[in-house]
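What follows is a pair of complexes built around chain A, which joins chain B in one and chain C in the other.
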Partner chain A sequence: MMQRRHLIAVLAGLPVSLHAQGEAELVLVVGVGSGLQSLTRGQAVGYFTGRLRSLPNGELAVPLDLPSGHPVRERFYRLLTGLGPPQMNSYWARLAFSGQTQPPQVMDSEAALVRSLRDNPRSIGYLPRAQLDDRLRVLLAVTRAEA
Partner chain B sequence: MESTHCIRPVPGLAAVVTAMATAMAMALTVMPATAQVETPDEPPAWRFSGYYTLGHSALQSSAARHFARDQSQLQPSGWEQDSRLGLQLDGRLSPTLSATVQGVIRHHVPSTPLSQRIEWAFLRWTPSEAWQIRLGRTSPDLYLYADVRSVGIAYPWVRPSQEFYAWMPLQSMDGVDATRLWSRGDANWRLKLSFGHASTKLAAQDSGVSAQGKLHAIRAATLTRETPTWTVKATYLKARLDLRDASYLVALGQGLAQLQALTLPVLPVLAAEAGQLRQGLGVNSDVRYLSLGTQHDLNDWLVTAEWSATLGYTRRQYLSIGHRLGAFTPFVLAGQSRLIEPAYTAPGHWAAQLAPLVGSVAAAQAVGLGAAAAGASNLGRISQRSLGIGVRWDLRANLALKLQHDHVQIQADGRALWAMRPGYDNADFRARVWSLALDGSF
Partner chain C sequence: MRASLFDGSLRKRFALSAGAVALALAALTGGLAYLLAYRDAEQDAQATLAGLADAVRNTTAVGSYAGDQVLLEEVANGLIRHPMVGQVEITASSGVRVSRQRGTEAAGAAIPRVAVVLASPFNARETVGSLLVVAEPDALGRKAREQALRLALPMFAQVLLLTLLLDAVAARLMSLPMARLARQVEGLEPGTAERLTVPPAHQRDEIGHLMRRTNTLLQANATALDRERELRSEITAIEGRLRRLLDSSSAAILLLDAGGHLVQGNPTLQRLCTGHSEGELDAEHFIEEQFFGPELMRAMLRDVLAQRRSFSADLRLRRDGDDGGERWVHILLAPLAGDGREPLVEGVLYDVTQRRREEAQAQHQAMHEPLTGLRNRAGLLAELDLAVPAALASGRPLSLIYLDLDGFKPVNDQRGHAAGDEVLREVARRLLECARRGTDVVARLGGDEFVLLLQAGPDEPWVLELAWRVIDRLAEPIVLSDGREPVQIGASLGLAGLPRDAIDRDGLLNLADQAMYRVKHAGKNGVATPTAVLAPLAGR
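Up next, the complex of A and B:
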């Protein structure tokens, strides 16, 4: 489906990356080696707002972020929490500089994030669904919070 | 009590920088041992981060010449009230054990010990998702923004409400806290119990008098309900306030105690008045704080309100409403600090009562003692209200520019945050403050 949309976009002369980032469904993913099979929305919020630290097997979870300013990252947090980049930064400043917890580990690129997901069974990340491959497992489709 | 007239604070900054660099260098020396067990896919075991504010304030008042952001400052200049640099090092020692050190380079009351300029230094043990125990120097977590009062990027204003936060007696606390965490629906709950003691250098702006304020036997309970968009917090704290190492206050207290003992059999009313003045010095007394706060950040509206009482002494409250319009967040901020007890007055009537007993010279000395005690007791009073408007402009996710204008009405007997111009006639007065600040984090 996504490939077809990309093809239509290319044929229409539209910038593919912008189209994909603006429209593509975002999903929470782990590597196939992870013990996580699914997540509730509340758990997803917990992992990416520093309120949930451990995986069901007791190991420390490693939530991963894309770089600051990355459009997928901005969209992910807007969908998950309703907050934009400055508000998320203020939120993390309150938590980090009050000694409570640290924000997710920032990866250099989507490729680096995918690599970490494949290699580390404790990593949790988010990606456009179009970038999935058979070594990643979808936990949750990230949609806008209901009012 | 020591006088700190005309002493400027700058030399202390170099010492703070040196101490922080030393502490962080010591921490970094143990990094390789931890790094050896890391893989490229693990988060770093050590994390260095920080925040800063470059701020300037301009005061317009016919009565006042200086104001302070809080009582840990003494007559700061326009650049010193809000400018600061915070540096933090977090270390992950094991899956359940971590360490945090944070120092803040900012204006302090001169002669503030170096050890009191480190705001955080603790070990945290997290045995499970449900429990967290911290040992070392932490924040008392008394108000909504108590833990991040220095972190400008974390709030919309140039500074948290002066009426509410300027008198916060605890900057940091040495001790232990235990937190129980649980979730219910989309909300996270935290119940934190804290035990410890605190020491903070405090100053009265006009007199320049400073004292080492100590709180012993701190016992606090904080209940917080939190979602990313809504926080509600309630705190109760009890402690023993101790100013006994302020020699000036000790001398006044001893003098009043002697007067109390001498006059009790023959002038019980006067003895009681002397006792009240002695208690007002706050040399060694119990204090209890109660506070409630809420912060709502939803649909581009940001509403924050807090109420607090120092039981038997003061009431403080503020309300802020902001509305996010793209990168701009205009806001209004209204605050009030109100004292329940009237100010202490010099006991001029003692002269006539004491003169027949001890002679006019000694009676005059007793009146002088009472007047000095009344003056000292009134030094720390904050009674004022303000209305501010401003705007925060988010230049980037981690950089914001803020402009704020405050109109402040100060009562004559509650001006601990203000240093007066010569010839001030001891009446209520008004002040306007313009503030500009650039806040960032890294």
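Up next, the complex of A and C:
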């Protein structure tokens, strides 16, 4: 199973890997106004799979996604959950049935995502490290999921 | 035939037995099939549950991971809708718990169940909950029953069909032919010439054998009946001949039992006893009514029975003949060859009245002389032979008078033999007049010699008186039928007594004879004893 996942990761993520190696790492970020200071990797997965919905201060968390098919988005989920877009779609399709668990809010672009992070302290998002600015705070560096 | 279910008809019994076997087989098959089917159903259920659990594993894991109650309920609802599922329980680590149950809770651990540990969709090592699916016991039983029925029903149907088929075969081969045979035999009369015809289909089987045996039996029966019929007619013929023989026999034939009762008698007996053919003899009192001396007949009967041999005798019948004469029968009684039953005595009776009459006549002729009808010498001797011993035994004396006529010869010579005979007859008449009728015997020894035998002693006065009266009477003239002058004769008498003068017959006769000659020599017309010539009694 593991080997297979590695294989898929290797094959599917071949250009990404090249890109990742060539480009920057991804980070999980919030606005500086956010109450969140740090986040474990499991908590990160929880917020982006609908398992965790509230912030430590009790407010409803608002995870933000990039549009479907966006390379960063694909890379993010692959790194965080080890699942590719079809698997993730399947996951959300199951939960969409009940309507209880909402997927992250989809932003039109990275710029819109950044804007939303700045404006809403409850938002959580992900970005390539290179696009960070001083109004954003890094909670976790999204690296390859450990086996 | 009665229409009871258990009336014992072979066919019905066969059908019932076969039906019972069919039911038993079906029940056994059903039971076994149920057990096997139940096990199969358990395995099926296990596999089904495993498959179901596998199918919903991921969705359940997602629901459990996300703590999505609605999703988990939907999964549980979906599972419980499956007919094999009796209970569903999903427990998520987040605390969400969904439970679905159909009917009653499954009892016992034997019910198939599948428990699945749910791993996180994002981390295989993280457990996010568990899924338990338990089978529906009713469904298991139902499925097992269905399967068992599916096995047992065709089996039952098959056996039932086979039973019907066998019944039909049995009926065709056995019951119907036997019923037909029974009807045929029922219609047969004893001794019939009819025979059963063996159908070609049964030539070689038991039915055919039975029919042939029946025919043999019928044949034997008919033969026996024929023989019996022949024998019976033969016996009837013999019986008829014997009856004719008996009926036409001139001898009276009778059959008596030990008590002397008349068991049977032929018509001749009837005629002999009653004089005519009609009426019935009194069987109960036969001996007493028919025989003059019944005790003799009874004694004979006793002797016959006791000694088992025949006895015969002449017996006088009670009923006299139409002429007033005695009727006698010679009867021969013999024991009937006994066959172990009550002893019987057969008797043959001949009417011997005529013979006896002739015998009596002959005897009378032998003892009497025809001219006077008086006893002759033999008759006298016979009387003496009776009287002498009786007198000696009783002590009552006898007297014998020997009488010789005087002057008879000249009558005979001068007037002829017929006149002589006439004289002798008159003498006899006068002697009988003088004698005491009944007790005294008068005899003519021949010629002109007579004897009187008296039942009294010679010294008795009336004996002497009688002697002198005889002399007087004979001295009276005798008128003969020739019309000539009467004849004058006389008599000389010799008187001897027993036991005074002699003690035996011949002695008595000789002494009286000698005494008579004494009178002849002394001048005739007188009486003498062996010792003296008596003087005429005084007063004459």
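Assume the second predicted complex is superposed on the first by the 123 of 147 C-alpha atoms of A that agree within 3 Å, B and C clash if a C-alpha of one lies under 4 Å from a C-alpha of the other, contacts with A are read in each partner's own complex, and residues count from 1 in each chain.
Everything that follows uses one rule, which is that a residue touches a chain if its C-beta (ideal position, glycine included) is under 8 Å from a C-beta of that chain, and two chains touch if they have at least 3 such contacts.
These figures come from a predicted structure and were not determined experimentally.
*Asks:* Does the chain A-based superposition show chain B and chain C clashing or fitting?
*Replies:* clash
*Asks:* Mind working out whether A:Q131 is in touch with chain B, chain C, both or neither, as first, second, both or neither?
*Replies:* neither
*Asks:* Touching A:E59 in the superposition: chain B (first), chain C (second), both, neither?
*Replies:* first
*Asks:* Under the stated touch criterion, which partner chain does A:R51 make contact with: chain B (first), chain C (second), both, or neither?
*Replies:* both
*Asks:* With both complexes overlaid on chain A, does A:S123 touch chain B (first), chain C (second), both or neither?
*Replies:* first
*Asks:* In the superposed arrangement, which partner chain does A:L83 touch: chain B (first), chain C (second), both, or neither?
*Replies:* Both chain B and chain C are touched by A:L83.
*Asks:* For chain A, which side has the bigger count of touched residues, chain B or chain C?
*Replies:* B
*Asks:* Determine, under the contact definition given at the top, whether A:Q105 touches first (chain B), second (chain C), both, or neither.
*Replies:* First partner only, chain B.
*Asks:* Of the stretches 135-143, 513-521 or 531-539, which one of chain C hits chain B?
*Replies:* Between chain C and chain B, the clashing stretch is 135-143.
*Asks:* Once the two structures are fitted together, what part of chain A is touched by chain B and by chain C alike?
*Replies:* 42, 45, 49, 51, 81-83, 91, 94, 97-99
*Asks:* Which part of chain C faces chain A closely enough to touch in the complex?
*Replies:* 58-59, 62-63, 65-71, 74, 94, 121-124
*Asks:* Tell me, which parts of chain A touch chain B in their complex?
*Replies:* 42, 45-46, 49, 51-54, 59-60, 62, 68-69, 81-83, 85-91, 93-94, 96-99, 102, 105, 115-116, 119-120, 123
*Asks:* Going by the contact rule set out above, which residues of chain B touch chain A in the complex?
*Replies:* By the definition above, chain B touches chain A via 39, 41-44, 47, 49, 51, 86, 88, 90, 95, 100, 102, 120, 122, 124, 126, 128-129, 134, 138-139, 147-148, 151, 153-155, 181, 183, 185-186, 188, 226, 228-229, 297-298, 324, 327, 394, 396-398, 400, 441.
*Asks:* In the complex, go through chain A and note every residue touching chain C.
*Replies:* On the chain A side, the touching residues are 1, 42, 45, 49-51, 81-83, 91, 94-95, 97-101.
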